[in-house]
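The chains carry the letters A, B, C and D, assigned in the order they are written, with residues numbered from 1 in each.
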Amino acid sequence: MSSTRKLKIGIVGGTGYTGVELLRLLAQHPSVQLTAVTSRSEAGQPVADLYPNLRGHLDIRFSEPDIATLTKCDLVFFATPNGVAMKTVPQLLDANVKIVDLAADFRLHDPLVWEQWYGIPHACVNVLQEAVYGLPEVNRDAVAKARIVANPGCYPTAVQLGFIPLLEQGLIDPQHLIADAKSGVSGAGREAKVGSLLCEASESFKAYGVAGHRHLPEIRQGLNQVAGGDVGLTFVPHLTPMIRGIHATLYGRLTVGNAGDLQALYVERYRNEPFVDVMPAGSHPETRSVRGSNVCRIAIHRPQNGDTVVVLSAIDNLVKGAAGQAVQNMNIMCGLPETAGLEQVALMP
Amino acid sequence: MSSTRKLKIGIVGGTGYTGVELLRLLAQHPSVQLTAVTSRSEAGQPVADLYPNLRGHLDIRFSEPDIATLTKCDLVFFATPNGVAMKTVPQLLDANVKIVDLAADFRLHDPLVWEQWYGIPHACVNVLQEAVYGLPEVNRDAVAKARIVANPGCYPTAVQLGFIPLLEQGLIDPQHLIADAKSGVSGAGREAKVGSLLCEASESFKAYGVAGHRHLPEIRQGLNQVAGGDVGLTFVPHLTPMIRGIHATLYGRLTVGNAGDLQALYVERYRNEPFVDVMPAGSHPETRSVRGSNVCRIAIHRPQNGDTVVVLSAIDNLVKGAAGQAVQNMNIMCGLPETAGLEQVALMP
Amino acid sequence: MSSTRKLKIGIVGGTGYTGVELLRLLAQHPSVQLTAVTSRSEAGQPVADLYPNLRGHLDIRFSEPDIATLTKCDLVFFATPNGVAMKTVPQLLDANVKIVDLAADFRLHDPLVWEQWYGIPHACVNVLQEAVYGLPEVNRDAVAKARIVANPGCYPTAVQLGFIPLLEQGLIDPQHLIADAKSGVSGAGREAKVGSLLCEASESFKAYGVAGHRHLPEIRQGLNQVAGGDVGLTFVPHLTPMIRGIHATLYGRLTVGNAGDLQALYVERYRNEPFVDVMPAGSHPETRSVRGSNVCRIAIHRPQNGDTVVVLSAIDNLVKGAAGQAVQNMNIMCGLPETAGLEQVALMP
Amino acid sequence: MSSTRKLKIGIVGGTGYTGVELLRLLAQHPSVQLTAVTSRSEAGQPVADLYPNLRGHLDIRFSEPDIATLTKCDLVFFATPNGVAMKTVPQLLDANVKIVDLAADFRLHDPLVWEQWYGIPHACVNVLQEAVYGLPEVNRDAVAKARIVANPGCYPTAVQLGFIPLLEQGLIDPQHLIADAKSGVSGAGREAKVGSLLCEASESFKAYGVAGHRHLPEIRQGLNQVAGGDVGLTFVPHLTPMIRGIHATLYGRLTVGNAGDLQALYVERYRNEPFVDVMPAGSHPETRSVRGSNVCRIAIHRPQNGDTVVVLSAIDNLVKGAAGQAVQNMNIMCGLPETAGLEQVALMP
């Protein structure tokens, strides 16, 4: 690729929150041009009419999801509901278009597990098995060579980045991991649902999906990989009254008498990661410190010097938990600097 | 006490959030009259000038904290900062005034533990040892006979009510309890602190005090009592961007093969409790469902039928976690119906 | 009516926010019993399943809207979408059931104006002309005799109560009234609409309906009555990121050289009104000071002693702006004390 | 200035919200380097410790406000409380340092008016008279030549940009302007004040300062300039429960029979302004559409085709209302492209 030619980028399903966040990031990305943003419901409407924050930044209209247009792209992002991408992706791969899917279609390697949690058979099992799980901090090399990347879910990103160093070193009991995670309401998407109304979700806090959440098998799959075996995980998601942000509070029981310097372990593990920030010992990351940025901030604690380790992991669910990580994967797949277009300072306050 | 004479009630320190919440509840209580509300800083000012929600409901002024006035009361609430009540309480007890302390002065039985966590020696150790810990669901009979009741902290109320049935029955490993608790910002009080500003605390989520929070020894003491031995507890409090509400997510590991019907256990344990509501199996209590009410709503889960039990416990930190429970204790101490003045329906939405 | 028999009350359309607020208030009302709460979509479900704040307070299920059941009531509230009540009300009136309609069906006296703003012909014009506009501060005597009361809209309540004393005395130019009104999101109801999502409506502020809002003709009609002629009104509603509350900022130009003591005018006008609180000169009412209560708090200002009067008027849109005023009207219509069931202290903080 | 040398920039008082917002913008500005960020209270502490969003973006510590350090800068921003800058500015001007003051010290031309509203005599009247009021849309040429620019207040920016086209054309009665303005809580700064606590300011709405706000004389001065004579203005500020954003709703009475196409007037007036966006007719700008961006979005309405014009004007109070406009002024003063470092897309949702 010439250094001056801009990548032609398409977005399928650009009306949801991950879609508009992709637009925000790509509109400011130095090496891409948006050539198609599709939406069946909004086709013909200027993108900036739906999202006035883009007025003056993006002069493009939503178009029908048309395969001929998309095959002219270098890379296409799918920001569609689960089950949509898997119907179109094979054609695009055949046309040598790279894919980053922000939905769940290609996240679980095992099609039976996929079917169990998503309720329908998988439509392209061979592509599923080719897809690379796009957590760069674990799979960077594979992402660089991938034709199709499954962009991780928001909870899975925060939880895996928090547990990885401990599990890689075999320091905690892998059978009794606890992930108590809290998400802002944008995680529920832009769909008009009563539970996401301001009057239902603000000034309140609740758990949900305790019996089983679709991100559970995804997290388990990722942690199995780093632990080298099956882990046992209790995952409890909660809804917290704010727009953006995930905070995962992770609990593991140390299995070795002398666990060593856990702070140093984390600092070392993430030393070269541009988007993981291990905070000083004793810190408590706030989700607002990553609002709008692609950073995961982590702090590690061992209360009262006991045998329970507590890891705090904070991301913006729409950025490192979705659109930002997708752009990071695009950068890696396309040979761009990994941080290109992703150096925004978080908005605080 | 004659059935018609109203109890004379004093409040020391009526300007904070637990103070105004006491005023809201007592202004509508059928069997009490407020005879003194003290505040050094606001003495002389009508209470309703500071809290206009009380306009038309309460025609009383803040007064200097004067021992002569307080000794004319039947019962005095302390809604003061930690360390204040213990200096005045002995005089009031001598004058046959009953006491409910909403601060922490009388919560920990062991004066050395108290000093360790609160940083100053305890001023009246004998009263400390007489004081009854006012969690009616555990200590109702002792409260009924008490001259002085230590009103539990907000986190301790939510956490203890959630763990009690499991620990009483010896069903979970008492050495590895985890309490992941989330509080609205009113828990930090009405003091002008940067961290409690809307621009700092809204649209963000964070843990705090992971290394050790003053409610940890209080919770441990209470759980030790019901478990019949020392428990091990990891307690992580979090700040969630809303005014009122605590949600505790509790994790315990089952130690018996056949734990039985946990839902039935909880229903049975709290069958006669007017202020504990065990929700149907599969429920997720929302904090807003108890906003302004004295109820603790609990749900019990056993995800994927594994060995980890998850209990969800929600209260209004200012009501069941402070002023409401204080009124409940007053009712019990003074022979009033336990629910008198406490039957408000939560405000939803 | 015997002093001991409780009024039998029905609610048609009990699932929305005004419906649940009616339930909250009526569940605590000393003189009523709820005999029917209808909802086509939720028929058969316990009311407290939808609104867990009512658990333990209300043991009734939603039922089909059945005319036979409703005719057994003494009074029926309609908390339905606009255009529903007018189809059923005539039958109920024939059966001697009193009606309070919380929707707009009976608010505008002129059926042509009604049709212009609501888009369909009115279904029972004769009832429309019989209906009394239920603003007790203006029409108390008529309400007391009414068979059917049109409960005022939320904005109209706040705006009219603010302007009335000035217009009654002819002190301001009636041709150039400005009402800049701000509402919490619950004013938009519990319907699942994108614009009411937390992620759309929180952390933002906007005007809406500047070209024309359905409350404009209602306010004008009410102000015409007190001004004794046609007024000119610019009404701009805004959406403010909170659940409950309306704050109207009203501007009028004084037309007389010596307008007299405006503060005294307001105090005198509302001296005997149980639910209008004229605050001391210089005050700024906060909407939270009326959260959950039936009070309208008003302050009057004349900045820099100029010719523009500024009136600040705050209500809880779900209480004095809807369900609370409806109960107030019920009390008046049924000969109960006007404040029965409406003496809650606002929840603050 | 060589095209490659970066401007040396100092910030005095970098701990408040306008300070950190300056840091966010300048950290990403292509043509500047921060050489000093002073804070008496935080001297020695890394800036990113106070504002973790800057971790990895800014490696500088707070320093004592030292005149020798500041005189080495090309330009110094004052983000200090009112009354501080005027004590230091003369020395810096003498050393050929350019100044942008974000406080109010140099906003009012008349030192007597300044003293009346700020309560102390002005400390450097000659500099006051030299200072240029930094509203580029009015004073761009003067800003370009200025040594010292008084950065406008937040309300004055939103109100003036909204009224200017109408007043320039003499279309409305200048004696009876009404500006009903609503601000997020960050406008009150990062100072620990009870009124700015989340528990006081969230879930509520109120007016404040109706009797007189310091931005009133500033707005009047600016409008006088464009109207060519003294205007009469009623200005009512309100606090709205969100972090960022100002929405001004402006009312003017048309004085000419045929006012022409007001939409076209606004489009034309701001056609070449990079940071004023006139929205299509019928629009309602949301403050979130400018969150984090330097844009002022405006919509113009004439309800029911009457004689009252309603202008809606929305800004981010910390960007176009403070730090962003300050950077815009810096760009103009220093010959940089006016939009340098200011092209962020607003964060939405």
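In this text, a residue touches a chain if its C-beta (ideal position, glycine included) is under 8 Å from a C-beta of that chain, and two chains touch if they have at least 3 such contacts.
What you see is a predicted model; the values in this text were computed from it and never measured.
Engineer: Quick one: which chain's Cα centre is the longest way from subunit C's?
Structural biologist: Checked the centroid distances; the maximum from subunit C is A.
Engineer: More contacting C-beta pairs: A-C or A-D?
Structural biologist: Taking the two pairs in turn, the one with more contacts turns out to be A-D.
Engineer: In whole angstrom, how far does the Cα centroid of subunit C sit from the Cα centroid of subunit D?
Structural biologist: Result: the chain centres lie 39 Å from each other.
Engineer: How many angstrom between the C-alpha centroids of subunit C and subunit A?
Structural biologist: Chain centres of subunit A and subunit C, defined by C-alpha means, are spaced 46 Å apart.
Engineer: Please compute the C-alpha centroid of subunit A, do the same for subunit D, then give the distance between them in whole Å.
Structural biologist: Chain centroid spacing, subunit A to subunit D, equals 36 Å.
Engineer: Multi-chain contacts only, two chains or more: what residues does subunit B have there?
Structural biologist: In subunit B, 17, 186, 190, 199-200, 202-203, 241-244, 285-286, 288-289, 291, 349 touch at least two other chains.
Engineer: Can you name the residues of subunit B that touch subunit C in the complex?
Structural biologist: Where subunit B meets subunit C, its residues are 17, 20, 24, 27-28, 51-57, 186, 190, 203, 243-244, 277, 279, 285-286, 288-293, 295, 297, 318, 343-349.
Engineer: If we count contacts the way the header does, which residues on subunit B are in touch with subunit A in the complex?
Structural biologist: 176, 178, 180, 182, 184, 199-200, 202-208, 210-212, 232, 234-236, 238, 240-245, 247, 249, 251, 253, 282, 284-289, 291, 301, 303-304, 306, 308, 310, 312, 314, 349
Engineer: Along subunit C, where are the residues that touch subunit A in the complex?
Structural biologist: 17, 185-186, 190, 192-194, 196-203, 241-243
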